[in-house]
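Please find one structure pasted underneath; my questions will follow.
Chain IDs A, B, C and D follow the sequence of writing; residue 1 opens each chain.
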């Protein structure tokens, strides 16, 4: 038996501030994109953002999906150029229901890391390591790790992020306990997001014109494009 | 082995009446919205309503999804301003297959409460508490609770609502037994609805123009908007 | 370890015939609709049909989804008037890979029956009873039952239909063994179909114009249409 | 606890080459289609491709979904003419992070084979056999088999392909170990893809015009097209 309070009550100024913070975080991503790709600006007006956030005593954790990028292929269609991800954003608490968004820490889950998370058993744990400067001369300067460990008795998980900066000699750690119910929301949202961040929903969607075109043509036998025998 | 009778047989007037009742319930929500937001009236003509209802001896229970609300952000896109929910509506029975819709009781499940419900084990129970006047001067006057408790032997659950009104000195309680098959429908419908009431389907949907625009431009390296290293 | 042969090989005339049969079955439904509702004829050109069929020694079983019907409500939107279903069609075999479609038997699963099927444990069984003349003077003349019983050792299920006609004094029974892999396809397809046959996908879909309209208006506080406190 | 490296790091030329390889593989399918069906060329510009690839020491495995084909039916709608599939493509490694795409091996999973894979228990295995010349005079010349066997201790699976060519007297075998997390991605992607490769998403989608048309007409009783009693 558990008591669940309202999500993001509108009467709480601190939380409303936090919402703005969360979205200014999203805007940061978009601005980074815009600087080198002015051609996507016209789409910014239709872009929609959604997240799921849990607010706890020492920190808050917000997860939000990010779309894959497609690129044109010679034949005229397009393919996934870069997988999307699910961004985890941590905010340290600086008071009761107050969080400092200037100290946020980010961790972007790849499709396989999402797969690891959604298949986690009640007593299992997992840990991922990211190096923002991987394969550059700065490799090893900053090390991030995300660990998910069980709270025990099928009661949910601790989600921890550690950011070790060997240059600034800092080691920041934020930890958010996630209840079984909250983890069920995350698992369902991540399972829903997974085919989308890999672009499978777009590869499997049909285009109105293509259907009617092929339907209005006479039917004849054609080689099965799916066949493994075509090679 | 169980016998399942037809859902909403059209030959039963009592049940047909109830359907109208259910939808007048939905209209109540919309009217409440319209009074202060006339600008959404033009969309009322395309809005669609769906529910899932179980009719039992002492009461009926209907669940229906409600969309999240988006709001514009400075950059031109939009973000979830208020999560959607799944509304539970209880109707007391006043005769055989007759239900009194004027005495309906409502309970809106938040995303986390939906997560709690869909992750419920066969022998587990959960309980949620809502206070309509939370954080106002009337806080504590009315207390609602929803509990879901197992029927035993993996046979489904009892879904109970209790509304305690300390001002009117009333305490109403409605209870609906839900079979394992009916709960499977609810679990599947709630799991489907969850990403939608959080707006993730909209955040993960692509806009026809955005895809073709980026595809028709020359390909070049751009910073990954999903990267946690951009901060 | 199991050997799976190709689904619907195009070189088999008997099976190609059966495909036509399956779809003439679907057309039967549509014609029944058209006779009294000429206004839906213009949509017939875009209607799409899909199924999943297993061909076994004594009979074949095909399942296909059927959409719900919506009706206008006074406020201008629309609501589910009749739930969709998943139609089960049985064909008796009359030779090797030849099936007699004139002797097909139909059974339409309601949402709750779908819920029962998708939540079936490996050793569990279920049975549904339908009476086509329920609540009419012919009630009890024809009785249909569908039972799903385990093959044993987590190897799949027997799906059986029995049609007892007390007037014609006939009792037809068709039985199709379904492997664990085939049942996994059915379970996945039925779980996917369930929110759709209840209209939840349409209730949860957003309309392009409604989103942009509300986004282009100034933001202000409005009552939460989802709130259970509005009553 | 496991370490997951970045998926497809853009700084690795070998992997970038492989990406082109993967998509030239997809183009092969499309070209095969185009040679006999010029009428679909105009749709090539909107076709999107997505996959999920795991790169291991001795080989890489890529999976990607392929849409079903619809054909017009006499009544004006269309039905699935050929199911889609999920294509598995294996590439042998020829060095560190280098794979030889000219030696790729293909295996197209049917819906039932997908069902077998997504319902595989942690300790279970399955095997499929394909003969590209089935029911032709060349039947038996080439035999392909795909087997999926557990790595043990719930740690994932080995995915193996064997291609035996009795004419060329060759027997090629490629084997890719898939971690539990990677298999979770495959299971989720395949479960998502399954209703789509069978065309159920299209059969269950509604067309904007059909909805508004029926909504603008007066409501009357019409026969339920879903009813099994119509026959």
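Everything that follows uses one rule, which is that contacts are C-beta pairs under 8 Å (C-beta built on N, C-alpha and C of every residue); 3 or more make two chains touch, one makes a residue touch a chain.
Composition by chain, UniProt nomenclature: A, B, C, D = Single-stranded DNA-binding protein WHY2, mitochondrial.
Not measured: the values here are computed from a predicted model.
Where chain B touches chain C, the two copies mostly use different residue numbers: shared numbers make up under half of all numbers in play.
Using mean Cα coordinates as chain centres, the one most removed from chain D is B.
If you lay the C-alpha trace of chain C over that of chain D, the rotation comes to 90 degrees, to the nearest 5. Centroids built from CA atoms put chain C at 25 Å from chain B.
Inter-chain centre distance (chain B to chain D, centres taken as mean C-alpha positions): 35 Å.
Counting only residues that touch two or more partner chains, chain D has 10, 46, 48, 70, 78, 82, 130, 201-202, 211, 215.
Taken together, the chain C residues at the contact with chain B in this complex read 68, 70, 73-80, 82-83, 110-116, 118-119, 125-130, 134-136, 147, 191, 194-195, 198-207, 209-211, 213-217, 219, 222-231. Residues of chain C touching chain D in their complex: 1-4, 6-12, 23, 26-33, 35-37, 39-40, 42-52, 54, 64-67, 69-72, 78, 81-82, 84-85, 87, 104, 106-108, 130, 132-133, 144, 179-185, 188-189, 192-193, 196-197, 201-202.
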